Amino acid sequence: MRRYGGEHKSCEQIIGILRDLEAASQVALVTRVSKEKAETLLRTFEKAEYHSQASCLTLGPSLVVNESLGKVLIVTAGTSDLNVAAEAVVSLNCHGVKAEMLMDVGVSGLQRLLGRLDKFKTARTVIVCAGMEGALPTIIAGLIPQPVIGLPVSVGYGVSMGGKAALQGMLASCAPGLLVVNIDNGYGAAMAALRIIKSSLVSNT
Amino acid sequence: MRRYGGEHKSCEQIIGILRDLEAASQVALVTRVSKEKAETLLRTFEKAEYHSQASCLTLGPSLVVNESLGKVLIVTAGTSDLNVAAEAVVSLNCHGVKAEMLMDVGVSGLQRLLGRLDKFKTARTVIVCAGMEGALPTIIAGLIPQPVIGLPVSVGYGVSMGGKAALQGMLASCAPGLLVVNIDNGYGAAMAALRIIKSSLVSNT
Amino acid sequence: MRRYGGEHKSCEQIIGILRDLEAASQVALVTRVSKEKAETLLRTFEKAEYHSQASCLTLGPSLVVNESLGKVLIVTAGTSDLNVAAEAVVSLNCHGVKAEMLMDVGVSGLQRLLGRLDKFKTARTVIVCAGMEGALPTIIAGLIPQPVIGLPVSVGYGVSMGGKAALQGMLASCAPGLLVVNIDNGYGAAMAALRIIKSSLVSNT
Amino acid sequence: MRRYGGEHKSCEQIIGILRDLEAASQVALVTRVSKEKAETLLRTFEKAEYHSQASCLTLGPSLVVNESLGKVLIVTAGTSDLNVAAEAVVSLNCHGVKAEMLMDVGVSGLQRLLGRLDKFKTARTVIVCAGMEGALPTIIAGLIPQPVIGLPVSVGYGVSMGGKAALQGMLASCAPGLLVVNIDNGYGAAMAALRIIKSSLVSNT
Amino acid sequence: MRRYGGEHKSCEQIIGILRDLEAASQVALVTRVSKEKAETLLRTFEKAEYHSQASCLTLGPSLVVNESLGKVLIVTAGTSDLNVAAEAVVSLNCHGVKAEMLMDVGVSGLQRLLGRLDKFKTARTVIVCAGMEGALPTIIAGLIPQPVIGLPVSVGYGVSMGGKAALQGMLASCAPGLLVVNIDNGYGAAMAALRIIKSSLVSNT
Amino acid sequence: MRRYGGEHKSCEQIIGILRDLEAASQVALVTRVSKEKAETLLRTFEKAEYHSQASCLTLGPSLVVNESLGKVLIVTAGTSDLNVAAEAVVSLNCHGVKAEMLMDVGVSGLQRLLGRLDKFKTARTVIVCAGMEGALPTIIAGLIPQPVIGLPVSVGYGVSMGGKAALQGMLASCAPGLLVVNIDNGYGAAMAALRIIKSSLVSNT
Amino acid sequence: MRRYGGEHKSCEQIIGILRDLEAASQVALVTRVSKEKAETLLRTFEKAEYHSQASCLTLGPSLVVNESLGKVLIVTAGTSDLNVAAEAVVSLNCHGVKAEMLMDVGVSGLQRLLGRLDKFKTARTVIVCAGMEGALPTIIAGLIPQPVIGLPVSVGYGVSMGGKAALQGMLASCAPGLLVVNIDNGYGAAMAALRIIKSSLVSNT
Amino acid sequence: MRRYGGEHKSCEQIIGILRDLEAASQVALVTRVSKEKAETLLRTFEKAEYHSQASCLTLGPSLVVNESLGKVLIVTAGTSDLNVAAEAVVSLNCHGVKAEMLMDVGVSGLQRLLGRLDKFKTARTVIVCAGMEGALPTIIAGLIPQPVIGLPVSVGYGVSMGGKAALQGMLASCAPGLLVVNIDNGYGAAMAALRIIKSSLVSNT
């Protein structure tokens, strides 16, 4: 599988890249593809698929999810975080990993979160999306023993504009062992989860 | 009552101020007085009292706590926040307001907090001290209807050094109506609580 | 009453939320709704009301203002702060609280402010909007004993762009007990005022 | 096992905490203990051990390293990063996890790193300490498939003072799936590695 | 007159400079001279004078204040700003300009300021020192027509630490025509006032 | 004369303000008026004048320049700074002050500047516009004795984007007595120059 | 040769400048010219050439590349950096210097870089473009002895938005002797390379 | 030659490093060695030399300056920049390169600089140290055609504290081709100059 960021590339550049990967029968994932670019690309590549919530375009032989690898749980506080979460889901699926979403469990209504803790039990790794103050990953890391990846989201205004307050809140967390990736980096959080899941295959000797 | 910040004043300057207030029979509160300065000041003013955890010095006619005004609850996550919390307690007491502390209820161990929610019921206002990611005021403001004043504390290292991450986390909070004061400003949080408590005395007409 | 931020949500997402609240007969408040989104939403919900200066949309059973709760005064320095102030007014009204605006009293013309101090006497709480250097809340907090909530506004250019200078000016204030919320957070300031107003109902025992 | 940060606590406070843990026969780890504090604490707790390079103090029943959990590799670029790396080693050992150090493999001399890639093969997870521009975790994450935890170190001067440049370099990394913790947070990196190692024990159903 | 900053110079370097100026019969002003350095320097230069509140050392033929140039008024909010104000006074005196101080007129007690407005009438230029939120120069510039130089002072803690909040508040000021110099730059404010005072001597043709 | 910032005001709000001033026969200056807004306003106010380079609109009885007040020199490094400089010129003219521009004298070609020093001799005050590193005011303040007002301009990219590097360069200047205003604040620089020019009229007694 | 930045200039201003240079038979280079501006300018100047990837317009007598000066190598990690690299190429060509590009050698795939080290041998100076964490110049400076100019590129999101993380990474580099220019400053990097290349012509006496 | 930063290393660590280099007969340069550390090290290594102004310690076979490589000129504005300049001189000498210092030529007294331009003619490369606003490298790069390396120095207070204003001023420079290194990085500037000087030896084929 090869992945490219589509944000700073022209349609011509992306088409060139996809042609090469198609010729090599590789799965291609292009992230951060706007609706306008996607329309142009879909006209050229009929078999490509555009995941509009994730702003991702995929192309290539379809993958079978490998259930034995275990499941990644992706948690969001509200509808504003869904785009970033969806990028993580698509990225994991492209690598044959099962990803499940748990939505609408923000910190200002703890009861909803506490009522769904059973969802976490079977997850090998948890990705927690959060904007604003970014406290949700801290709370979850205090409740479960698995790896928790904080994924800051650039929603909000004033001091939370751009996601920096959420990022800093996760880095400064008092919950021991919380891991962090760059703001809006759904692909990066997914790749980190993939590394973790596959790490159990490392031989000790 | 008059209050002065002692951090940027010399002992000579503080002595001058205290002499004037003593002559006027006013209660004096000097905040941010180091142990060294306190020793010098106590030699000059035998009746002064040094509150070492709060780094505050008080002088003047003792005040009776006015129970009818109601109680302010001051919450801390751990022993590192105690100094700032103590400054708030001394400041409220100087104005005849009852202040109660609730310690050791950090967000990485939610059970302790959830087990003590009854403590909040009789508080007119709650001051929540927090360093690091500063999530505690957000969690508490999601659980109770009273005014919550977030008081960021300058403990921590890396991105939480100096308390800026905690401050931003409180300002960016997803809990509606969370109020914030400057980092380490125990006196300011106390004065805000005092204004709130006394606001019920405002006549509507 | 339920409130949602409309900035990062699509019309489809907002319509879904409003349908659920309508079915449950709840008052709905959606903040940060652009004119374009509002037009779409008003076509779907005939009974909804769009408050254009506040960029807010409300839907649901109308509320009666409860005069016995007392009044919140919302102060602005000029016409540039009106949008944020209006968001606070609509938010308070949605909770049945009376909100009164006092306009055009900036710090560079102190006389206008000093000439209208009587307006403050019957307010239980005061919200002060200010952009640029954000000095107005400091001046007002030095003149009145009630709770003062500083609400920084993202007007200005150069160092005041985005409202950070105003926010820092309020946090750094030399006026004891000044409270602060996030930049442009009219809803948050209103909810804080609501908490304060209702705090007088807390029983001491 | 319980852990406490010793930086903002007095000796009296630490002694109180250790007495409680000793009474409960729990392993105690106190991080960020200065040499001066350590001397005082060692006089009170004869069985305590001070790890001077890690600035950590441990007390309690000794743990046996559980080899079956696999190994964590801790990589440093030079002697300046050793303190933070040592904190991670002590923290992992306190949880019975084997930790191995690989030193002196900075990015400005790639040959040394490339010559020791075999060291990485048997590691379940890799923690990479780096100050200055913080490029080492990016390079390593491009070379191996396991989880890589970037641990920024506060060495350097000018733009790298305090470790912020290293932190940002790791967050902005072009290597997919690189994970990051707070500056100098050796304990946090260790706890994240522990979560990862133990995640292979999660049942899929 | 020649001036040197003493902060980053050794006593040996300062002695060399003063010897040269003494030989040339020039007035010398060394700013930011610590008490320790001053003691050493005074042993070498018997005729030098150390202004301890201003941390300035002067040496050379005494100057007569030239009353016809007019007066500079230097305003401070409290005792914490006195050091910086004193540096401005000494610097003006070294150039034969009369400088008068007006103390203890902070914005949180407007009455004191409003009661002393007559003091401003005969000032050719006003320097206003302020730390914390730095609102005082804004207020004064709104009340008088003369040039006002805002001089931010590095007192305070949290967001006001180092004087940046005061500096930004002055730059962002809504008072038209407020001028600003670097934090703690008493000498610079004085030299700007000197330029202003002397500008009336410029011929129009 | 009254001035208003037009950036955050709607055409309706500006029309209301202008109507009031017209009725009172006052000169009106509206700064930061876009071309689009200007067209609308000119249709309503036939006698208004739009200064397109300055993005300013003026209305009201024309003023005669009072030559006896002396001249303000406004210096720019290149064509990119002309808009901000023009705002200063219009603002001074609105107060009857003569303003002269000296263009194209950047620091990377010192000869051009040194060849035109005679232009500075008859200026009572000098406003120096500069973007990028903002060194020009420092150089000029080192060459002339009059008041120099540094006016940072938000041109440039990378570290000079938004004008912050120019602003900091002017505040940090090694030229004694350089004064500074907010980025792009042509109006503020003009009002400061006006205060300086009029200060010579202050009586010493 | 004369160069102008076209970003903050109107078409009219650029036309004026080009007319003057054309009259003087000088080579003109205008950087940061948008496609829209270029179309207008090409209609006026038929002999001008627009380099669309570099966003540069050139006009004037064509230059012959002077091979004896040696070659500058310009390295990029991917397609996102090509625009900035192209600006450097055009700028060097305008001065008769040969510039060669080496593309697609990012740090997350070290093999590609290591496989092409021979390309560096004949370069007198190397310009390395990089966005995100900006590690590529550090790696290259560790591998070759020639001057390396790090050119940060404003691609990326979150902490790498605007190119500041890349800039800081290059300044903080552990590779001794790495040189840095402003973000996106392709022209500046080219001019620095030109100075270096020509420095060998300086006589030692 | 090998170089080590001594700031974050203990004497024991430095002694170990020096022993190894001594055994290998290599020249050793340790930068950022405090007076206290130097005394300890000189007791162990009798042949070591401590350069106190540069805070550098050198050990090993003495090098002959190779005049044919040409000369590097190191320019400073005043006595406060001498330490950083001295580190550059020692570093160049360790590599057999001649380094000459030109002192006391700050931008606020242009005449001194313009009077000594002949000094620059025979320099192959120029390193310009500057604190505060950092304008000196910009001025010099506008006057000479050789490579100019801006070396920001961490002197100053307020906005220039820590050298960031100087660094930004150099990066934002309007002088084309100015190169920059990290704040206080005298060693890095020297190594860059060395790369430049040696680049003339690169064969074009």
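In order of appearance the chains are A, B, C, D, E, F, G and H, and numbering begins at 1 in each one.
Rule of thumb we're sticking to: a contact is a pair of C-beta atoms (placed from the backbone, for glycine too) under 8 Å apart; a residue touches a chain by one contact, two chains touch by 3 or more.
What you see is a predicted model; the values in this text were computed from it and never measured.
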Intersection of contact partners for subunit C and subunit G: A, F
Farthest-lying chain, centroid of Cα atoms versus that of subunit F: D
Chain pair, D-G or A-G, that carries the greater number of C-beta contacts: D-G
Distance from subunit E to subunit B - Cα centre to Cα centre, in angstrom: 35
Subunit A and subunit H, separation of their C-alpha mean positions in angstrom: 46
Cα-centroid distance, subunit B relative to subunit G, in whole angstrom: 56
Multi-chain contact residues (two or more partners), subunit B: 158-160, 164, 167, 171-173, 176, 182
Contact pairs between chains, per stated definition: A-B, A-C, A-D, A-G, B-C, B-D, B-E, C-E, C-F, D-G, D-H, E-F, E-H, F-G, F-H, G-H
Subunit E partner contacts - residues on subunit F that touch it in the complex: 3, 67-68, 70-71, 121-125, 145-149, 167, 171-173, 176-182, 187-188, 190-200, 202-205
Of subunit F, residues touching subunit G in the complex: 79-80, 155, 157-161
Subunit H-facing residues of subunit E, complex: 5, 7-9, 13, 32, 152, 154, 162-164, 167, 182-185
Subunit E residues touching subunit C - in the complex, by the definition given at the top: 77, 106-110, 132-135, 138-139, 141-143, 156, 158-160, 164-166, 168-176
